[in-house]
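The first chain written gets the first letter, and so on, giving A, B, C and D; residue counts start at 1 in each chain.
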Amino acid sequence: MKAKRDEVRIGFYVCHCGHNIAAMVDCAAVARYIATLPGVVLSRDYKYMCSDPGQELIQQDIREYGLNRVVVASCSPLLHEHTFRGAVTAGGLNPYFFHMVNIREHDSWVHTDRVLATEKAKDLARAAVERVVHHKPLEIKKVPIHPDVLVVGGGIAGIHAALTLANAGKKVFLVEREPSIGGHMAKFDKTFPTLDCAACILTPKMSEVGSHPNITLWTWSEVVKVDGYVGNYTVQIKRKARYVIEDLCTGCQDCIAHCVYKEPKFDDLFNERLGKRKPVYIPFPQATPQVVLIDPEVCLNFKRNKNPDGTPVVSDKCKKTCVEACGEKRAIDFTQKDQVVEIKVGTILVCTGFKTFDARRVPAYGYGVYPNVYTALEVERLVNASGPTGGQVVLRQGTNPDGSPKNPRSIGIIHCVGSRDKKTNLWCSRVCCMYSMKLAHLLKEHTGAEIYNFYIDIRTPGKGYEEFYNKLLEEGTHFIRGRVGEVTDWAMTPEEEGKLVIRVEDTLAGVVRRIPVDMVVLATGLEPQADADAVRRLFNMSCGGDGWFLERHPKLAPVNTFTDGVFLAGCCQGPKDIPDTVAQAGAAAAEALALIDKGYVEQEPNTAHILDAECSGCKSCIPLCPYTAILFDETRQKAYINEALCKGCGTCVGSCPSGSIVQNLFEDAEIFSEIAGVLADEPVAAGRPGNLTQAAIP
Amino acid sequence: MEIKRTIKYEADRVPGFGREVMSVPGCEALEHCIQCGTCSGVCPLSIYMDYTPRQVMELVRSDFKNEVLRSHTIWLCASCYACTVECPRQIRITDIMYELKQRAIKEGVYPPRFPIPVLAEEFTKMVRNHGRISETRLVTRMYLRTHPLAALGMAGLGLNLMKTGRFSLTQDRIERHGEMEKLMAAVDRENGKADA
Amino acid sequence: MSQAPAPAAAPAANPRDWSPRIVAFFCNWCTYTAADLAGVSRLKYAPNVRVIRLMCSGRVDPQFILDALARGADAVLVGGCHPGDCHYVEGNYKMLRRHQLLQRMLTDLGIEPERVRLEWISAAEGEKVKRVINEMTEQIKALGPLGLPRKFAEWDREVIALAREVHARDAAAGPCPAHAAAPQPGETVHA
Amino acid sequence: MKYAYFPGCSLKGTGRAYEESLLPVLRHLGVEVQEIEDWNCCGATAYMAVDEGKACAAAARNLALAERTGLQQMLAPCSACYLVLNKAQHYLNEYPAMRRVVTRALDSLGLQCRGDTAVRHPLDVLLNDVGLDAIRQKVTRPLTGLRVAPYYGCQIVRPYATFDDQANPTTMDRLLEALGATVVHWPLKTKCCGGSLTGTLPEAGLRLSYILLKEALKRGADVIATVCPLCQFNLDAYHAKIAARWEPVRIPTVYFSQLMGLAFGLAADQTVLHRSMVPLRFQPAPVART
């Protein structure tokens, strides 16, 4: 150990990061102090270490001063470790002769006392200097990448990403849980701010997905299990029974026409329950794939009770006019079961989207109590020409003087429902201002009604968005700045009779108003999917405190996750509009492509290995490894680690009773010297403080 | 036409007032106010207020102490807590109103003969002296101090209360009287210590 | 700490006043990232903790904790992913088991179990990093210094004195090969 | 089932009909209550407006006296008392400084307050402890045909409600239905009656009472059922003034406990309907029980 210490030549650099570090840490003092430590031949402070001149400085110093260890105290290693390892390599050293100290995120940014923050920086830097002595040269491992990609979720994000990848010649599996791809966008009538028809821009992409030779589209399917690691994932997908053989169905829909139910009778979920469908159905006319499915919950050919495994029981009680109508195609199969298929892919794109806020959670707005209170998504269907009313805006309750269903003459649109509220969701859902204005425009166009927008703040940060707001103002739509207090049906004045009354403070005028309307539209916010937490676990991702999937870094790695090879796109990462979603999907696809075309991934060589001579063969490590990377050689009675399977968690190392397992980059000697380093008042002498600790270990 | 200058100068502010209010238990969340107006929207009495509850929140936060303590708003609050449960930032607006009432009473800045603080004062006096409230007695005292003539208008009501056996001018009191006096004195003593 | 002794939590405090020294082992994926998030969010917390990054809380060898205490730490904080969220499936559970055993052992050694704390902090919980560190700093401040190195030194002195005494007595009583060499000062002997 | 009972000042004064009808109903259902000895005024909303420390101390004296009974649960029928006692407990548990002051102040009276007594409303106890089945069993004269507007007012559901929904409470609805009455859909069930403003600022306060009465009549109610002595007073006592200001909106307002007594077939001196200024004229017919 002592001899080694004499051989090391450490270069130490402390970064000012402009004022980010220098304002709270006396960088020069840190550099002066570190210079006094044994083994340190050079100690510098510099304004921006990550800049080109900063990196060149390291390279020059390595050559000029013969450095064989480098320590940089700057930001988080999660941000720039890679950068500095590159600089060290360029200087001619093995990149693992480097260690990084975090004195920005963990020090200057979180403390308020310059003296104490500087002391902390010295402690952390000293620990790194102690640690780096023990570093060894390591080889970067290269793992080949399977070129196929899994895209989870067939909304606009998944569709765009899948097409980008497929057009680049990659094989893509697109898995969607609903019977058709299209997601929320397929339900929209128009898109803001250009007002182009959502179907017109989406359906060509949907059919391209359906017919693309490189895309395997599995709808009505869910990912149930993910194993493996970047480049080599094994994924199990449950293909739920449709009771229709996909390959045989031509989408002629004769079965629907001939169903024993003459009229549609069951809630049409695609139309937000505003319309009805039959037990055999296709979710919407442009659905992709054009394949029908049967709902066993309501189909007469199934019993209402289930098998013990949850699968429906065929009753055979129905006349099966659908089968008759299908005729020679024989696509209907009541005995179909859920199937699990397994695929191998190298990368995964998670594009699982969002759900809309449940308006019932804000009881003051009367959704579910007053029939003429609608959610925005319901109104999207109501104004849609292919919607349940053929684009007629008619209310659930009330009639016109001629007895026809009532058309609203006045409409209140309440923004921020469920958003910006500590009791529900604190975040701004980003799209509600714009879609509310879009709906205001469409509703005015369809009905000529007076439209009131009730908003807290109008947020139009997008290309052409403020111009759209301006257009709405020109159209005479009323904008009232105030969060609505309540929607009620009791009248105080004659003109309020029979209306929904919105009570609100017009905060700009400074008066409380009561505004009677025929229809209330709730601009519900966006929320993580109900099962986001389960999905996150499936792909080993993280969620933010608000439940959205967490990107690796909001600015530098916005589509990466903490799991290599798993990427994010669309609203599953946070609320965003269609342009941003498509841009992000393209970015995620590009990240995946970059990985695939490189052909391999470099892996941190932080794997573990067993020192043969010291292994006692107790086997206690074997069940600890979650990757079954530890094997046992019966003839030699020794354990050994398959380094290809090892992920480098170090759990086995932490529990080996004989201390015979070594984790690269996290060797015991490295960690003990780091402990000693942060605590030492004096430069550390090599070795442990005493044998109490050893004696104490049972 | 009578015109009034409404501009506010920095000298009209009482710097630190907002912070002071926000440091009172229950009033902390005011710093998160986004001025959405939900409080005014749900307040059944906001239609009579000179400043809406939302405006009061902003005036407090911006240190306009005099405007706030002299406003009618704080006295119109009927403590129904609708604003408190609906506020999207979970600001306990009712408790802030209580705090402002306390300060207005302490500083004596309310209109003379204004019945609400008088009622509050008479109420606390009665609790301190007797431990219990005799409602008809309390209300009678309030009218005598504010609008003695209006009390005459209440005669019909008094008569009806008598008819239904609900009128009483005897003072109900706790048995160990003196305890309330002692308790309140002890609170004063403890608070004094904390201030010192 | 080179010149100044341990840092103090309160900004205005005299650095010469005692203030706890806490060593933390944070897992790379959740807690270390959460501490980064606390930094990015500019949350302010006590400057008493020195973080050592490991890939997983499962890597934390109980010896690391005892070594830190023996070298003068007043407390040790271990941070890992929430149960079920471990990047390596279940390393955090392994740490939990070791932690429970260690707590019992600390009690036996007469060290307050509060001095070793295990917390699950996800990558999104920057706020929790702040809360836990502040809480723990206050708690350890209340407990006072652990001072194991000083105690070791005392014990060393006692043992050496005792050995000398025995040696002297033995020498007076006559030669005895078993007690030929008494330990010299400076040499480390722990009971 | 036994509860420490905190009547509060109103139940001994203008709201005596509440106590006079509630206690027999509870007795009839086998619920025992023990009045807290030497209780004092809870402080109501007025005290909070003067000094919250003292308001808390006044409330805490009652909590301490309740703890002395050894009963874990405390019944507070008046909405203001229910709110204030709950609020004091929240404050004592949330704010250590407040707790310190109050603890020392109580010390001077030789009292301690742990702050763990559950402060409960009779509706909560009737529905969750007694249960609707037990109540249905006691109904001998179902209130068939009586259309009731259930009025919860503000302070039992806000802000510390735990036993019912803040926006749309239903405990009294279910109770009234169990008595055989018809519950009228009435969206104002948690709106404010005006509180003490009916006396101090009649223009503002009485208007709120007026709206409640008007809307109840409009929705076809025969009677308003209330849980709070101040609400009852405001909705019952000011009809002449309301008629003079706006329009006559005569509809009786009684306590839910009076309706329970009526359905249980209790004597007139236990339903005390004569205490209302606008009388409820409804006599339910007995049914033969099998």
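We adopt the following convention: contacts are C-beta pairs under 8 Å (C-beta built on N, C-alpha and C of every residue); 3 or more make two chains touch, one makes a residue touch a chain.
None of these values were measured; they are calculated from a predicted model.
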| item | value |
| --- | --- |
| Between the pairs B-D and A-B, the one where more C-beta pairs touch | B-D |
| Centre-to-centre distance between chain D and chain B (centres being mean Cα positions), rounded to whole Å | 23 |
| Centre distance in Å when chain A and chain B are each reduced to the mean of their C-alpha atoms | 49 |
| Approximate Å spacing (C-alpha centroids) for the pair chain C, chain D | 57 |
| CA centroid of chain B to CA centroid of chain C, Å | 54 |
| Pairs of chains satisfying the touch condition | A-B, A-C, A-D, B-D |
| Chain D partner contacts - residues on chain A that touch it in the complex | 363-364, 488-490, 492 |
| Chain C residues touching chain A - in the complex, by the definition given at the top | 1-2, 4-5, 7-8, 11, 15, 21, 23, 28-30, 32-33, 35-36, 38-40, 42-45, 47, 50-56, 58-64, 66-68, 70-73, 84-85, 87-91, 94-95, 98, 105, 109, 122-125, 127, 130, 149, 152, 188, 190 |
| Chain D-touching residues of chain B, taken from the complex the two chains share | 25-26, 44-45, 48, 75-76, 78-82, 84-85, 92, 94-95, 98-99, 101-102, 105, 115-117, 119-121, 123-124, 126-127, 131-136, 139, 142, 156-157, 160-161, 163-166, 168, 172, 174-176, 179-180, 182-187, 190-191, 194 |
| Complex contacts: residues of chain B adjacent to chain A | 32, 34-43, 46-47, 52, 54-55, 86, 88-90 |
| Complex contact set, residues of chain D against chain B | 9-10, 12-17, 38-41, 43-54, 57-58, 61, 91, 94-95, 97-98, 100-102, 104-109, 154-155, 158-159, 166, 190-192, 194-197, 199-201, 203-205, 208, 237-238, 240-241, 274-277 |
